[in-house]
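Each remark here refers to the structure printed beneath this line.
For clarity, chains are labelled A, B, C and D in written order, and residue numbers in each chain start from 1.
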Amino acid sequence: MVRLRLSLELDYEISQPGCDFVFNIHAAHTERQRVVDESLTLNQNVQWRVETDAATRNRYLRLQGMPGPMRLVYAATVELQHHVEQPQRIGEVPVAQMPADVMRYVYPSRYCESDRLHKFAMREFGQQWQGYSRVQAIRDWVLQRTTFTSNTSNANTSAIDTLLATVGVCRDFAHLMIALCRAINIPARFTTGIDYGADPALGPTDFHAYVEAYLGGRWYLFDPSGTAIPMGFVRLGTGRDAADVAFATIFGAVISSAPRITIEAVPGSDGQLVVPYHRTEALSTDG
Amino acid sequence: MVRLRLSLELDYEISQPGCDFVFNIHAAHTERQRVVDESLTLNQNVQWRVETDAATRNRYLRLQGMPGPMRLVYAATVELQHHVEQPQRIGEVPVAQMPADVMRYVYPSRYCESDRLHKFAMREFGQQWQGYSRVQAIRDWVLQRTTFTSNTSNANTSAIDTLLATVGVCRDFAHLMIALCRAINIPARFTTGIDYGADPALGPTDFHAYVEAYLGGRWYLFDPSGTAIPMGFVRLGTGRDAADVAFATIFGAVISSAPRITIEAVPGSDGQLVVPYHRTEALSTDG
Amino acid sequence: MVRLRLSLELDYEISQPGCDFVFNIHAAHTERQRVVDESLTLNQNVQWRVETDAATRNRYLRLQGMPGPMRLVYAATVELQHHVEQPQRIGEVPVAQMPADVMRYVYPSRYCESDRLHKFAMREFGQQWQGYSRVQAIRDWVLQRTTFTSNTSNANTSAIDTLLATVGVCRDFAHLMIALCRAINIPARFTTGIDYGADPALGPTDFHAYVEAYLGGRWYLFDPSGTAIPMGFVRLGTGRDAADVAFATIFGAVISSAPRITIEAVPGSDGQLVVPYHRTEALSTDG
Amino acid sequence: MVRLRLSLELDYEISQPGCDFVFNIHAAHTERQRVVDESLTLNQNVQWRVETDAATRNRYLRLQGMPGPMRLVYAATVELQHHVEQPQRIGEVPVAQMPADVMRYVYPSRYCESDRLHKFAMREFGQQWQGYSRVQAIRDWVLQRTTFTSNTSNANTSAIDTLLATVGVCRDFAHLMIALCRAINIPARFTTGIDYGADPALGPTDFHAYVEAYLGGRWYLFDPSGTAIPMGFVRLGTGRDAADVAFATIFGAVISSAPRITIEAVPGSDGQLVVPYHRTEALSTDG
């Protein structure tokens, strides 16, 4: 069991009334991710509510900010009890056995044009053994061919753009890996968290985007950008691609500051301190 | 109340074993669309099941066909009790009041790149009164600038492609209208049914794609291609765009024939025959 | 007659040997643009040559820089004797009468996808009177729908991108106008010069990109970004689009500084000082 | 010396007056390609002229057809005296030594987006020996990853589309190879001819598109689609990409029939019959 303590501090300068925010910064409740405690502090005296989307379990904080500075601090303690499996024992799920609510992650989405990559992906990965190792091969292929470089992509950048540009940030690595998985009929989704364990040389602790692929009846974690430690990922949101799970969607004129984020391992409810590390086993936070 | 009797006949020639099908041809169950009776006939002796997606109420027929000819006949009687409203009384829903499960229809999707159309749409429609009439104006704009032409688009064609090409089929009209709505923060979704009332000169009765926009707390019907009569639409599936609600998604090598479809108005449970017609009021099949 | 005195100062820091440069900073020699005097100063003791492309008359300065700082100063005095015409007297040139070397400017190019815009442009401009006023209408349409905004576009941005984004810099305005002209079979080309007369609030004097359209047997000047005074444009290069006439194409690792540019009207060889102004007549620097 | 006899027969049904045609069906005159005799027969009594573009030597037949059937027969005898070289003796040309009129073939064009493929191509081919063999490697890579399939591409299809789709016709193979060459600074151009030696199973003799790459101071022939015999290519036109050298560009409403084409080797002026064959040496029809 891993217990993590995280905090997020977000600052905005709002310049007009009626500015709506949809945040996806609350840790998700799943069978294997338990939110032990959490708190939200807001400097403005406005109404807010947290809604849980039934299909994804994403928790959306919604509020309307007032003109002036707005500061938001979210803190939580989360316990993860991963499902751990030997990669070689995990096969792909035949289409006939994919649950209805998994099927949507096999279809193309805004930033993951898997339809256009079908033949390309079949040539690269079509002949490989159908299981976890094939998804791992896609992950390695993306990591090997793409260079992590800030400010090379923007909000329009899609998987195909990244395939050609060969540069990007974690979001772009994730989109490309997802598109290639779907192109060969493996359901894959875009998941957000914190870049636990990232090299400080890459900058301060930040939000992170990674991939979950549906294999052997579960969603397994993959980190195509290779910058962080999956065992330390606390799931905030999951969706088709970045369009679904921006940590903040803002409807109005706002100046944002860089988020200030901390995350650390703390002793679990069993009294033991488990510090996340790179594991060779497959990990899932799924039920 | 409108009662419609429809039948679909689909023929395939399957050339390999293990060919998976996901059909979305069953009429949806909604508060205002009641399936009075339905039947499914399959010439192959294979297992099939119908699953309902919780988020969309789409009903997916899933089966694995065997090599050889496969014929599928679905027939149903459906009763529609539309919610009818005067357009001028219907306003847009502020973001703050949009339910969580509606929000996803405001984000871009594979074939509806609303993010890239934001400024374009703001210039065209940003200054108009915020209500049903604005969505109607988008619908009219799309219809006016696009010419219905078969074989001008394909499975990769997106809203932007259609905006530039100015030609397409019902699917393309729907994608463009949806993208423009989302670009100005109006939730819109892609819905499939039968082209009730279409001019026979356009070809035999076929599947149809149209739009539902979220206004005044409901999903209202729009037919951007202008080829059919919305009052006669029986909803089969609804989703982000065509990627979600293909009437048939096939994993394997198959030769398809053109579907043979019939739909007609019959007397309702109240004994009255209501033949769908073009109405000026806004219609919804939503709760 | 307009006489202009211009100077360009370019600074680079070269970090590797064998770094090739192709500059297009020399004023072109045309029938109506005479280079009275010019000079080139280079701080590095390297060979250089100026080549004139026969098809475009562009003059390319070519050299291989050495590691270290490289400074280049080009200065010239140029006399322009414009062809001046009343717009209403200028018609379009029928395809049958277009010279072979003009035809290439009616075909699509990297940043001007006129093929994809054909139907779109026909709807907007297809019914208008075929002459200078139609090109002016395209120019006004582009100017009206596009907002001059720095750092919104990059080296990949094409005419279609700008049509959708509705923002850009002079290069983007030019690409969009060119693509729309070609889409209705009017030859148009991308021309570079200095932004004579630009509002200092937009920043220091800079290179500029504008459009020449082939009408009535000549290439007439248009400034779709509306930021400068066409009468003061000294032509440096002309081509299909920005791919052809970058002011500097660099093969190697180099750090560039912003160019420092001056341009001013001086008394002509006839002793008269003509200061360029916004004219309502059509202008050409062509023979 | 190879002597070839070719004939082209083109049929159109013109439905409106004032329909302009630009044909590029005349064999080019180059230092090593001599047109021994040629004839043009036209069933309509209209004026026509053949213009030679100075920059490319392309010969354009221009005419305005009248309503009704139009038939055009072009026949020619052409002698080719190839420059033949051992591949291992051919190096790339450093940018500093590229002639001005070659430079344009290193820049991106409508269907060859080499700018977007720069990093992708550097990863694949950046480390290879800089010479003919590197271009051959690009040619083999394209041929290996792309399947010749009719009706999979259209007039909008670009190199990037083909890279992803992995299918296309000769035009698409050529665009992809050209884009990859330019992406690593090797000038490459799109050339048209007849598919001499193509397998009859692929259909009747047709126009062909292939590639010329600038190496060792000459333009060498490459056939990325691998369907024909380069030694038998009679050059019709050459340009940036297909936008420049369509065999027929038509401005008006016309119904076209498939061209009927023949080509055969005949005894040369030296009395010898040389039948083109697949050679391992590098070939150029350049001066």
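The rule is simple: contacts are C-beta pairs under 8 Å (C-beta built on N, C-alpha and C of every residue); 3 or more make two chains touch, one makes a residue touch a chain.
Predicted, not measured: the structure shown is a model, and the values here were computed from it.
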Neighbours of chain D that also touch chain B are A, C
Taking each chain's centre as the mean of its CA atoms, chain A sits from chain B at a distance in Å of 31
Taking each chain's centre as the mean of its CA atoms, chain B sits from chain C at a distance in Å of 48
Chain D touches at least 2 other chains through residues 116
Per the touch criterion, the pairs are A-B, A-D, B-C, C-D
Within the complex, chain C is touched by chain B residues 116-117, 119-120, 123, 145, 160, 163-167
Counting only contacts in the complex, chain B reaches chain A at residues 20, 22, 51-55, 60, 62, 64, 94-96, 99-101, 103-104, 107-110, 112-113, 115-116, 155-156, 185, 240, 243-244, 251
